[in-house]
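Two complexes, one shared chain (subunit A), two partners (subunit B, subunit C).
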Partner chain A sequence: MAVLRPQDQLPGLNTATILLVGTEDALLQQLADSMLKEDCASDLKVHLAQSLPLPSNVTRPRIDLIVFVVNLHSKYSLQNVEESLRHVDAAFFLGKVGFLATGAGRDSHCSVHRNTVLRLAQAYRSPLLFCDLEVDSFRVSMAQRLVRMLQVCAGHVPGVSALNLLSLMGSSENPSAEGL
Partner chain B sequence: MDETVAEFVKRTILKIPVAEMMTILQAWGFYLKINCRRTSTSGERKESLVHDLVLLCEEKRARVSDAALLDIIYTQFHRHQKVWDVFQMTKEPGGDIDLFDMKQFKSSFKKILQRALKMAQLYPAKEAPQSDSASSHMGNSARLWVILSRGPFACNMSRVINFLVSVTFRDAEENAVWIRIAWGTQYRKPNQYKPTYVVYYPQTPYAFISSSQLRSSIPLLGQALTIASKHHRIVKMDFRSRYLDSLKAIVFEQYNQTFETHNATTPLQERSLGLDINMDSRIIHENRIEKDRVQKITEEVFGDYPQPRLEFAQYKLETKFKSDLNRGILAERNEPLRCLVKFSSPNLLEALKSLAPAGIADAPLSPLLTCIPKKRMNYFKIKDK
Partner chain C sequence: MSVSNQDIDPDSTTGVEDVTDGKEELIKHCEEMWKDMEECQNKLSLVGTETLTESNAQLSLLIMQMKCLTAELSQWQKETPEILPLNEEFLVSLGKEEFQKLRHDLELVLSTIQSKNEKLKEDLEREQLWLDEQQQVLESLMVLHSELKDQIVTVSESRIFNELKTKLHDIKEYKEKLLLALSEFLEDHFPLPDRNVKKKKKNTQESTIQLITLHEILEILINRLFDVPHDPYVKISDSFWPPYIELLLRNGIALRHPEDPTRIRLEAFHQ
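And then the complex of A and B:
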């Protein structure tokens, strides 16, 4: 399973699965912890990966949302995301992919310009969220937001689909206004 | 007591934080009796305590050497405030094995240093006596005249020597000897506020010298140290840190001694999993195998003991631009590209160790970064082959 496809598997009963992709494991882990602490009617599953493609020798539930985490302090993290994007099926970009840029708070440490991630997100027609994951309160509200997105993408919110959500989120011209 | 000595004592005591005052003063031992009395009134303000201490020093006629000893003790407690250079000494092959005598070492170190300094000041390297430049010749003869005009030559020499330098020794843990050198000239008393410290471990070829602005005195110091410890050559290593103990540990290869005792029984698999022991079962790590590989490689390179502390590593690059694709302005340059890369961190080796597991860099790291403890250097020059 070199390329990740959204419709390969049937969904599990009341399960919503998110895949977080990023080089910095500790940040992903913390974000995952915060997400699981959220009060949510669905069974959440969080998969963490450093890069794609995922190892093919394991069975995993259907993935409903992929979030690529870019640390603006590290070019390596951006490169890794760019490489990984090639292993995602186009159908995922119909609302089931998001980008999350962290580290914008400390401008002097940034080695990746914000416009670079902006362009990346625009090129893939996917929402871009800004959040300093190192700050606890920011991370918690971001986790809350991701859980809501995930529920929509998994089809657990009646009346809203992933594509629907995408068009709602993309309504503002400048995705940076979406940041916290 | 001399006024300058009183001032020196006062300034040294003022440097000491109140919390450490008693420990340091007790280690000094000069005023043990007073200390016992003082402890009861520890809530007292520092200034009045210092004032009383200075008065007592005056009563007891403290000498410069007593104050210098206090300064050594203070520096021993605050050794990380200095930047330490490592010097390596070598013996010529075939030299006979000497027994080390601390007493002899101290006296000969002092003597050689004084003599070397005297010679250096009489005949500075820049204006050697055979130099035919008129002005420098004048300078030398004028200086000689000053010395000769003070009476018998020999008598003057000893006077000059007393003026030149003050050397204080203190034996420390693990047989180490701490040497404090305050430098003067033949016209001025040694400056007690800009001393150089040397830490020497007897019967080893290594010495640690605190960096100072007095660059010119370091060769003399090296000379004295080499001869006194019966070595033949001394070389400054490209190895520098604030943490004297870490430098020592790396140089003497003591840092990996915990290797056998630390977690040696638990297999690698268990330990790496142990990191995520309180992990939610709903979080699934996709790259578990890759993570284990990174963990294993990191452990192979750095070991699983705490790393010695260094705070910087510097790489001077002098390389040609190489590229098959863009034969541009850089490729046609004849001059090498010069640049300086400096890594700094409160604990550099520990930081490097965690780079790959944290996902910030690929494993394995470049050997240039991992060879620091093995090569015992943190200043590198990289040139094209």
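And then the complex of A and C:
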């Protein structure tokens, strides 16, 4: 199981699973807690990982959405994500991957430029979300958003597929990316 | 769902059989769908994995996306929406479920509305009570106000007038008393010089002049001061006995005119 594939298992009944990948353990944990507090018809599961590939000796449900969290204050965080991306099957990028950049609020602390992350997300044709996870209210609204995305990616929203959502998000989410 | 189904027609045994038939039918349907999924899954697992690097990702992903979107599109176009078998039992039980959900929701709404109503009623009562109290306060204040008003009228018309009258009277009496006391004092202590004695000492010219008392001098000065306040000076006539004038000036009771030494005025004690 070196490479993570979107359809390597049958889906669990009414289960939606998200995988958060990033070096900021505390922030990921807080985000996961916020997500689990959200009111959702599906059975939510949140998995956290520092990096990919995931260990192969553990059984885990089918992963419906991967979110790579990049902390703009740390170059290592970006490198880690770039490394991890190599272990993701191409089929995941059909709407089941998202990038989340945190820490853009404090510009002076940033060691990674926003455009770098923007270019990365653009290269993988995946949406890029900005959110300061350290701010409670921002994190809660981001958790809400991720839960909605996850429901679509898990196929729990009739009539909308992950790819469908991606093509909708791509045009509205980062119009500036077209120029890069 | 089976419980609600049995509620529909608890007396007939055929109804129960229909229900179990329907349930089996649905389960069978689901099993078929699951089998389809498993097949698809097996096919998918045969497809090899493909990873991307940042440099080659864009183009291949775009091609993949295009393929998938086209496939989805054609799928949507081909697909006719599948509905559950139109079994009467299904429809009835579904309807019943729906109704129960609705009933539950409506009950919730009802209870919230009722509690809200109660709260509003309480609020209303409280406000009413408050209003009554305020009105009572207002009424008593009005009564007080009118009473005070009456008092003000009586006070202004009669009492103050009377008070002022008595005050005026008192003061007048006091003044009389003071004047009397002053004149007595003056008569006793400041008599006119004995003419007989004077005649012997002074020359005849002086003796012909009719001198006036200190009392009269003061009266002249006082009257002048109050009758012509802008020019209170009095010319010293020969009928003023000079020692008395000196006395008044020395004791600061009278003042000399700063430019004309023949005129004096009373010190303005009243100012």
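To be clear about the criterion, the second predicted complex is superposed on the first by the 173 of 180 C-alpha atoms of A that agree within 3 Å, B and C clash if a C-alpha of one lies under 4 Å from a C-alpha of the other, contacts with A are read in each partner's own complex, and residues count from 1 in each chain.
Convention: a contact is a pair of C-beta atoms (placed from the backbone, for glycine too) under 8 Å apart; a residue touches a chain by one contact, two chains touch by 3 or more.
Computed from a predicted structure; not experimentally measured.
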Where does A:120 make contact in the superposed view: on subunit B (first), on subunit C (second), on both, or on neither?
second
Applying the document's definition of touch, where does A:51 land relative to subunit B and subunit C: first, second, both, or neither?
first
In the superposed arrangement, which partner chain does A:81 touch: subunit B (first), subunit C (second), both, or neither?
neither
Mind working out whether A:153 is in touch with subunit B, subunit C, both or neither, as first, second, both or neither?
neither
Please work out whether A:104 is in contact with subunit B alone, subunit C alone, both, or neither, and reply first, second, both or neither.
neither
Once chain A of both complexes is superposed, is A:161 in touch with subunit B (first), subunit C (second), both, or neither?
second
Who does A:24 touch here: subunit B (first), subunit C (second), both, or neither?
first
Residues of subunit A touching subunit C in the complex:
3, 5, 7-10, 82, 85-91, 93-94, 120, 122-125, 161, 163-164, 166-167
Using the touch definition from the top, list the residues of subunit A that touch subunit B in their complex.
19, 22-26, 29, 32-33, 36, 43-51, 54-55, 60, 74, 76-77
Contacts from subunit C onto subunit A in the complex sit at residues 37-38, 41, 44-45, 49-55, 57-58, 60-62, 64-65, 68-69, 72
Write out the stretch or stretches of subunit B touching subunit A in their complex.
276, 279-280, 282-287, 289-291, 357-362
